[in-house]
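Each of the next two complexes has chain A plus one more chain, namely chain B in the first and chain C in the second.
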Partner chain A sequence: MKSLEELEKIRKQAQEALKVREGQKPVRIVVAMGTCGIAAGAREVMTTILEELAARSLSDVSVTQTGCMGLCEQEPLVTVEKPGQPAVTYGNINAERARRIVAQHLVNDAVVGEWVVATKR
Partner chain B sequence: MRFYRAHVLVCAGTNCSLKGNRAVREALIREIEGKGLGEEVKVIETGCFGLCEQGPTIVIYPEGVLYCRATVEDVPELVDSHLLKGRRVERLLYREPTRPVAVQTVPELDYFKKQVRVVLRNCGIIDPDSIEEYIGQGGYTALAKALAMKPEEVIAQVKASGLRGRGGAGFPTGLKWEFGRKAPGGVKYVVCNADEGEPGTFKDRLILEGDPHAVLEAMAIAGWAIGANYGYIYIRGEYQLSIQRLERAIEQARRLGLLGQNIFNSGFNFDVEVRIGAGAYVCGEETALFESLEGKRGEPRIKPPYPTDVGLFGKPTVINNVETLANIPPIITRGAEWFRTLGTEKCPGTKVFTLTGDIVNEGLIEVPMGITLREVVYEIGGGIPNGHKFKMAQTGGTSGGCLPEALLDVPMDYDQLAAAGSALGSGALLIMDDTHCIVDVARCFARFFLHESCGQCIPCREGTLQLYHLVDGITRGTGTRQDLELIERLSRTMYVAPLCPLGQTAPLPIMTTLKYFKDEYLAHVDSRVCPTGTCRALATGHAAD
Partner chain C sequence: MRELALHVLDIVQNSVEAQASRVEIAVEEDVAAGFLKITIADDGRGMDEEMVRKVQDPFVTTRRTRRVGMGLPLLASAARQTGGTVTVESAPGRGTVVTATFGLHHLDRAPLGDMAATVAVILAGNPGLALRYRHRRGDSEFVFDTREIERQAGPVPWGDPQAAAWTRKTVAEALRALEPLGHGPGNAGPVKTGGGT
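Take a look at the complex of A and B:
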């Protein structure tokens, strides 16, 4: 170790990985993971979201799962919660659509209207 | 870098190890892999959370949900419900005796509400085997900062913080460093005293297990401050996990150049070595520790000269306790003024206590200096179990004193506990309920010192023997009032005559029991009655009920 900058570099990297342990973040993505959700491909949606977040270094987002929301027909369901905005639930999500949700809704703040099944204040 | 949506932290402290944490961790990894969650969920071994009574403890982030007393059989449900379907497993949540609703997350717990974590800042949060995680929490920035300062400035900051040695004696750390700095001589040493031998104390063990780098970083800072290039950690051989973690931490620090030559391009060299003790209580005494470290029989030296002038291998040596050292990095990064906002005026900062005995929540806690025993026992400790009453608390381990219920409101710091006739000592808090006979308890203390006296000086060798026989006689029904007087006279001699604190403090616990529970002693010698029915040679106090 020769300089503070070198230490800072390691610190920043490790800090990103440790962010999960700071508790729930204001921005959350909730994937419905009941039997219905998993059968419809929620698992793949979840891993795609994690990959996409890692690729974009978006560590300030909590990714959690929940049980069946009662709308099994539209599974996989993904809800995006951002502070000060209504929570948006998307239906019939697959890996490709999950990527677009991250890019459009999370990064650019533009709700992807065509797949929205519900919004909640 | 991988991004995991959930981190599962399993306590890997010694206390949880006794409850099968390893099997639980292995089962968790198997189950998570089996469910195909290995890419999303990371399992981490971490240091002690402090809630040892409830072990093995597991915390799942990002929610921060705390699960207690989890067994291998619980693992499939935990993974299936919590990690797969996002439903909490209600039956494994912690239930506080005072509240009907289960506690969900760590910060909600009454146990943690009064705690302030400075020394334990990383315990239960980071993986102690990962230097990257320590750095991620701001680790080694204090060393970088210190190396940019003059050694005198570092010492001035430690002095200004008012930090006092946490091994038990409470000597001002900054002053000790200054003596070390000013001592003439080219070769000097930094020694970390991790020979934690006080019965009921296990804080240093859990600090080293949970955050070994904090101690290494502090030792390097101490080395820079006093002008030493080499440090030794003298640790008990029983502390296998601490030793293993320390060895790994030293290796990692060397790999990143945080120990070794020319650290941070400052021209400063520092390295650390772990030396293992063979288990003698007296080796916790600093000069006996040096003797043992030098490969000789562990017997205390005559003081003065003090270690800062003539210490290890005859060289000027600064020796600090594990907890003292763990306080150093935050003092350097956050400043002396911040440190002084915690605790009392004469004893700033926090104190780590190990809570054991007849108490609901046994474990490891860190609280501001000056907190009362009542707050610790009833608010953090959850009170006395099984419907019994509080009888006494022994503070500071076996060489500390016993406090009765009337003194529950004494603020706990070095000076105020000493004024109450006890000692803060190493931070052990042994709580006893009303089923214990005070004379029998005193006999156990006397026996301990008889066994641990190194035998070098006569007042201690003979004194501890006589003390034991006097107290033992009382429990056997042969004691008299004259014996009580003899105990007092012997104690007065022993407070001053022995060479080292072992002998000097040996009478303290016994004298405090005699002072605060005189009636119970008198029942033994006058009426030949043991009120609790513990001493079998005597009539039991219950017979009249």
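Take a look at the complex of A and C:
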């Protein structure tokens, strides 16, 4: 089955990426996936972030989920955690904004100030 | 929710929060009988009898970020408005089974929506989860089972963005290969299948 062969390739690439970043703390992106987040569009946001990471071959980033963060009116919420930097939570994120967060915050290390709803050391 | 697939994502999120290591999603579209049935079973911590009784009440939640739990009440009202029902079976330490039925041809039924995106996002966010997704439409069926895939292909880095793209593509293709939904008996018009968003 061809699609299973593709998995083989994906595994090899992931293993190589793991070797490269050995010992480094990974960058984490956390998407809030409580009912409030999902109703507001968190699935599309997470899908877009994954697509963007795949397109840019950013394999040193882990994308995870969390439940409701108590900021339901500002969902979808996306938190970016870079090692040694305060965690930045963005609110009212859609697919387009998610793409900008990847380009600007992840790649160019510049926080997108206008959408920040919380920061935490 | 705009799609039934979003309810599925949300109910599986409950399973994840209940520390499930295995989740089984089953979707069944029965044109002749005119219903759509979604079952989500997990091996998480489960609920006691009282919790099961109260869980469709929005004022019941164990989350601490807000005082209401919306997931199960939203699913229940989405099912009821199509003439369907939601049942919750659970016991402490024995896992939980949530079953929702919908009137397949009912005008107020949300479309099934993008199940491929739902499955991809569940796996990407919970790479250690064993997930089985079975979808039956009439006489055609497919099964997407992470354990079975890993038995054939070896370990898969489910959290990897490329793997997520693979999951999404694979499930979408399998869904497209199911027979078309066709017309239900006595159904006034063509039935819209849930395709992508």
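Note that the second predicted complex is superposed on the first by the 97 of 121 C-alpha atoms of A that agree within 3 Å, B and C clash if a C-alpha of one lies under 4 Å from a C-alpha of the other, contacts with A are read in each partner's own complex, and residues count from 1 in each chain.
As a working rule, a residue touches a chain if its C-beta (ideal position, glycine included) is under 8 Å from a C-beta of that chain, and two chains touch if they have at least 3 such contacts.
Here the structure is a predicted model, which means the values were calculated and not measured.
In the superposition on chain A, contact is made by A:C36 with chain C only, not with chain B. In the superposed model, A:A54 lies in contact with both chain B and chain C.
Applying the stated contact rule after C-alpha superposition, one finds that A:C72 touches chain C and leaves chain B untouched.
In the superposed model, A:Q104 makes contact with neither chain B nor chain C.
In the superposition on chain A, A:V20 contacts chain B only, with no contact to chain C. The interface of chain A with chain B overlaps its interface with chain C at residues 1, 3-4, 7, 10-11, 13-15, 33-34, 38, 43, 46-47, 50-51, 53-54, 59, 62-65, 67.
Per the touch definition, chain C reaches chain A in the complex via residues 1, 6, 9-10, 13, 16-17, 63, 65-66, 69-71, 74, 114, 117-118, 120-121, 124-126, 149, 152-157, 159-166, 168-170, 197. Residues 1-7, 9, 36, 39-40, 61-64, 83-87, 105, 125-126, 130, 132-133, 135-141, 144, 256-258, 262-265 of chain B are the ones touching chain A in the complex.
Contact residues of chain A toward chain C in the complex are 1, 3-4, 6-8, 10-11, 13-15, 31, 33-36, 38-39, 43-44, 46-47, 50-51, 53-54, 58-59, 62-65, 67-70, 72.
Remark: chain A residues 1-4, 7, 10-11, 13-18, 20-25, 30, 33-34, 38, 43, 46-47, 50-51, 53-54, 59, 62-67 touch chain B in the complex.
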